[in-house]
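Got some structures for you, see below.
Two complexes come next, and they have one chain in common, subunit A, joined by subunit B in the first and subunit C in the second.
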Partner chain A sequence: MSFANIRREDASRAVIVHAILLTYTLVALYPIFLVVINAFKTRKGIFRDPMGLPNAETFSLEGFTKVLAKSNFELFFYNSFTVTIVTIVIVLLLAAMTAWALSEYKFPGNTALALYLAIGIMVPIRLGSVSILNLIVDMGLVNTLTALVLVYVAQGLPLAIFILTEFMHQIPKDLKEAARCDGVGEFKIFFAIILPLIRPAVATVAVFTMIPIWNDLWFPLILAPGDGKQTITLGVQQFIGQYVTDWNAVLASLSLAIIPILILYLIFSRQLIRGLTSGAVK
Partner chain B sequence: MAHSGPMTDWRKAKLPVIAFLAPATIIYTLFMIYPLLDSIRLSFYATPSGGEAAFVGLDNYRTILADPDWSATFWNSFWNNMKFFAVHMLIQNPIGIALAGILSLPQLRFRNTYRTMMIMPTMLSVVIVGFIWQLILSPVWGVGADLLDIVGLKSLFGPWLGKEGSALITLSFISVWQWVGIPLMLIYAALLAIPDDLVDAAIVDGATHFEVFIHIKLPLVLPTVAMVSILTFVGNFNAFDLIYAVKGALAGPNFSTDIMGTLFYRTFFGYQLQLGDPHLGATVASLMFLIILAGVLFYLFAIQRRLARYQL
Partner chain C sequence: MADLKLDQIRKSYGAVDVLHGIDLDVKDGEFVVFVGPSGCGKSTLLRIIAGLEDITGGDLMIDGEVVNTKSPRDRGIAMVFQSYALYPHMTVYKNMAFGLKLDKQDKAAIDARVREAARILQLDQLLDRRPSELSGGQRQRVAIGRAIVRQPKVFLFDEPLSNLDAALRVQTRIEIAKLHQDLKSTIIYVTHDQVEAMTLADKIVVMNGGNVEQVGSPMQLYHHPETRFVAGFIGSPAMNFTNVTIDAVGQGQATVSVPGGMKSVLPFNVDQADIGKQVELGIRPEHLGLGDEGALTVSGLVDVVEKLGDSTYLYLKLANGDRVTVRAPGHSRVKIGETVTASAPAGAAHLFNDKGKAYQKVDCPAEFSAEE
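Let's turn to the complex of A and B:
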């Protein structure tokens, strides 16, 4: 085969490959795009020209005005942010402490404890909902954000501990030994030396913990469905339930729920992908 | 300082070790392990109207599995859930594997951009995804028909979500659209870990990239494919949000989209005129636990062991 033939074959192969990838990218993104562009249109625009971009004639923010006036979107955002941030901070700290103890110290039952803490990676926490609700009722925490935080911390810990334990194994031994020779206490070694070292893994764990919490419908529905404590996912679900026929409001509320997570994803996608592909060096 | 093995002896630091381990272990035990075990315990009890909860042995299980009304509902949701899972295994995972294979081709341009865009739906809330597709497939809006028109298939369009025969399949496809990102990313990561020399040698010998993928790469990433399959199984038998967002707790039309998660919710909280029953709810949850456990054990003992020898 001549050199030119190979080049031509490569080029046609590249065209096919990119055609497939572009097609799938379009399939993945177009539905989201369609909802977001229509959120910025008048009712007429939504129905007459659903696939067109909003123009001078069809542009309108009436959906957003309606959503912001008729629902407590700001409050839902605040609730979701509070629950998510508080949970992430607690999960990261507790998981780092546990991962450090599991990877650094030899004690009876070390492996057993690691396995025990890993059960939650495979067994969905939802299956315990009946007893979780009883527990939350007994603690007087129904309809509080605290209830959600406690459950989400328990839900997020297993995977976070697993990822961070892998990470702790890579911390060079000399560092800890040098500190110990200088007589630095065990607590200080963890908080002053180890904790700053795991920063690269923090973003990965944060994204893995955040997404299921931000998007969860089940526990807000069961533990905190009441007025004023809804998260954004439950808030949108309830709002759309009330205004099914109001297309402007429905499209706007969906866009309000999509846009923040898309922005966060674009910021953190590199960390997320690095986390998923960890171990593969290329 | 003397070290025995790779780890420090905890007897030199008992207090710190306990302090490091206690908080996570306590919260995890209290809000995850205890509720799971307590749910199983509750499934052996029942509360007669106005009375105290009493031990009833396997009565609740007998009700769910043998009572004519309950068992029909239970098995309906079980088989619906199996269909839901089958669509994910047959459509989602092959698409994920194929896209991962293409993305891992050498010298591919815009690799990272494609990857970032393709897994975007995976980041969205299942509720949001459900509503997005409900709008697109709505005959009132007509966008779905317009889109099919572009590829000349407009005649195929119908109110798929509203028909008993097609609602479950349509919802399964919506879920596939959202979750393709998971097999895509995990298998892509596994493909990247394959050493270059292995692939280069085959290419030099005249193999095409497609042949290399089928005969060399795919067998090497089979353990990851198996792991993706079990994750799909656990995720599917725990699904709820999508059906609830699109169809409500009644999983209509006529329970044709009812899966284990929606059955659990209705049994626990009740719907319309039927009162919720925590004990029957715990029984459904325990049955779900048994199904998931059976899947995980099958994976651990029948699949993972056999595949381990292929690992690099």
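Let's turn to the complex of A and C:
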């Protein structure tokens, strides 16, 4: 086979792959696109032509004004943001340290502990909703953001530990031993050498942890539905009624809710650079 | 600067013994090279000295103090790894200063030490670069610099040149030799390359299967190998070996029959009891010359010819199937398929008994002796 043939085959394969990915991207993005364009329409505009772009006749910001003026939108926002950020920080710190211990140190029960933590990936945490609710009630944490943070940390840890452990296994052994010969203490090795090296993995884990928390409706609904503690997804529900749904407000608040998570995603995805370890070892 | 003493060091992984009681003395300022084939335990021994592996048995002393249970940082060692092991997210400067900063040293003092090391290793221009922006040789120099700034009692090198290309390896080898002359520090160096061992070492430790085969200066090992293993390992191309029978033993000499039926008188102290036994005769390729002037003669068919310019290696196949390498002059015109005769003086011979131990040579001529 000549080189030209190989290249043509490569090219056609690339076209197919890109076609599939583009289709998937369109399918995934279209609902979001619909949400955003309809957020900028009048109520009539939404119902008359749900797929159409806002024009001079149908353009309106009434949804946004309603959301910002008539509800505690800033508060919902603040609650969601606090819960997400605090959870991410705790999950990343604890998961990274656990992963370091599991991957670096030999101790009895190491494998058993890793397997036990992996079970958390397979069993959905919502199965334990009743017990969790009982526990939170007993602890007197109902209607607090703390309750949400605690549950989300438990939810996020198993996968985070699993991913980070795999990444830490890839860090060359020589690097840690060089640090030990340099007289670097174990904590310093972890914070000054290991963590910077697995930054791409940490960013990945942050994204994985953050999205389900931001989007979650279940735990805010059962653990912290009270006034002043609602998160954004729960807050939006007030516009959805049994008989009448205020679509302008719902779509506007959903559009607004995309913004912070998008910003966080952009921050973390900038860290997803490959080849950070190149140059450490040959 | 320190001396080092290994006393019956043993190491086992579970039921597998990898080091069987190593005894070794390293004097202050000595350049010691551990050399041996893969899996002989040389790297394990180095890692034990560094404190990266636990000791199963025996004592390790640095400066007369037992350091068995001390951590690497408290032993006062610095190690250079084969893979360089530089911190990829730090600049060259930070790589070198990192260990010092942790010791809470004065900033100006750290700076002075890093710049001094950079000057010695010609890294001045590269201090702000990251490891990924450096070539292999430069990276290895940074790794050496990181060791120098700590002013350790003992430097440990774990096959530092293995990842470099041939030209760079020779150059870096010379730099390490110069470094040792300048710093006069105690260095322990592990390699599987006997050329590195011969050129760098004050003292070579030849290891095999978790044991020390022989310890000595490069010339001692070359001229007076105590075992067949050392004889075969040191020298390139490797020594030729062939089986011979001891026919007669006299005062400081032994008569052996070499393949082809010839008898030769060799200057060795051999026990009367060994008459009739089969022993191994060893001759280095560079001691064999074309022609039959020497006391030991072999003839064979030329199998392969390797022309290196300054010399030509002829690979002969003897009548009994043994193979012999001969170093002929570079201008040699011998071709494949020719039958040639090569010979060596009796003093160049080595004789090993059936257990691989060398017989003692008597009246060794100066050219085959380590004495100066």
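Just so it is clear, the second predicted complex is superposed on the first by the 210 of 282 C-alpha atoms of A that agree within 3 Å, B and C clash if a C-alpha of one lies under 4 Å from a C-alpha of the other, contacts with A are read in each partner's own complex, and residues count from 1 in each chain.
In this section, contacts are C-beta pairs under 8 Å (C-beta built on N, C-alpha and C of every residue); 3 or more make two chains touch, one makes a residue touch a chain.
Treat the numbers as computed from the prediction; the structure is a model and nothing was measured.
Of the two partner chains, subunit B is the only one that A:Phe47 touches; subunit C does not reach it.
With both complexes superposed, B is the one of subunit B and subunit C in contact with more subunit A residues. Once the two complexes are overlaid on the shared chain, A:Gly109 sits clear of subunit B and of subunit C alike.
Look at A:Ile132: by the touch rule set out above, it reaches subunit B but stays clear of subunit C. After overlaying the two complexes on the shared chain, residue contacts for A:Glu177 are found with subunit B and with subunit C alike. Legend: residue contacts after superposition of the two complexes on their common chain; A:Ile193 is shown touching subunit C, with no touch to subunit B.
When both complexes are overlaid on chain A, the residue A:Gly140 reaches neither subunit B nor subunit C. Once the two complexes are overlaid on the shared chain, A:Tyr24 sits against subunit B while remaining clear of subunit C.
Put simply, subunit A uses residues 177, 180-181, 185, 276-280, 282 to touch subunit B in one complex and subunit C in the other. For subunit A in complex with subunit C, the residues that touch the partner chain are 172, 174-175, 177-185, 188, 192-193, 196-197, 275-282.
On the subunit C side of its complex with subunit A, the touching residues are 50-52, 71-73, 77-79, 81-89, 98-99, 102-103, 130-134, 136, 139, 143, 146, 150, 156, 163.
Interface residues of subunit B facing subunit A in the complex, by the touch rule stated above, are 1, 4-5, 7-10, 13, 16-17, 19-21, 23-25, 27-28, 30-36, 38-39, 42, 95, 99, 102-103, 105, 108-110, 112, 114-121, 123-128, 131-133, 135-136, 141-143, 146, 177, 180, 185-186, 188-190, 192-193, 209, 234, 238, 240-241, 244-245, 261, 264, 268-269, 278, 281-282, 285-286, 288-289, 292-293, 296.
On subunit A, the positions that touch subunit B within their shared complex are 13, 17-18, 20-21, 24-25, 27-29, 31-32, 34-35, 46-47, 50-51, 94-95, 97-98, 100-107, 110, 113, 116-117, 119-120, 122-135, 150-151, 153-155, 157-158, 161, 176-177, 180-181, 185-187, 190, 211, 214-218, 221-222, 233, 236-237, 240, 247, 250-251, 254, 257-258, 261-262, 265-266, 269, 273, 276-280, 282.
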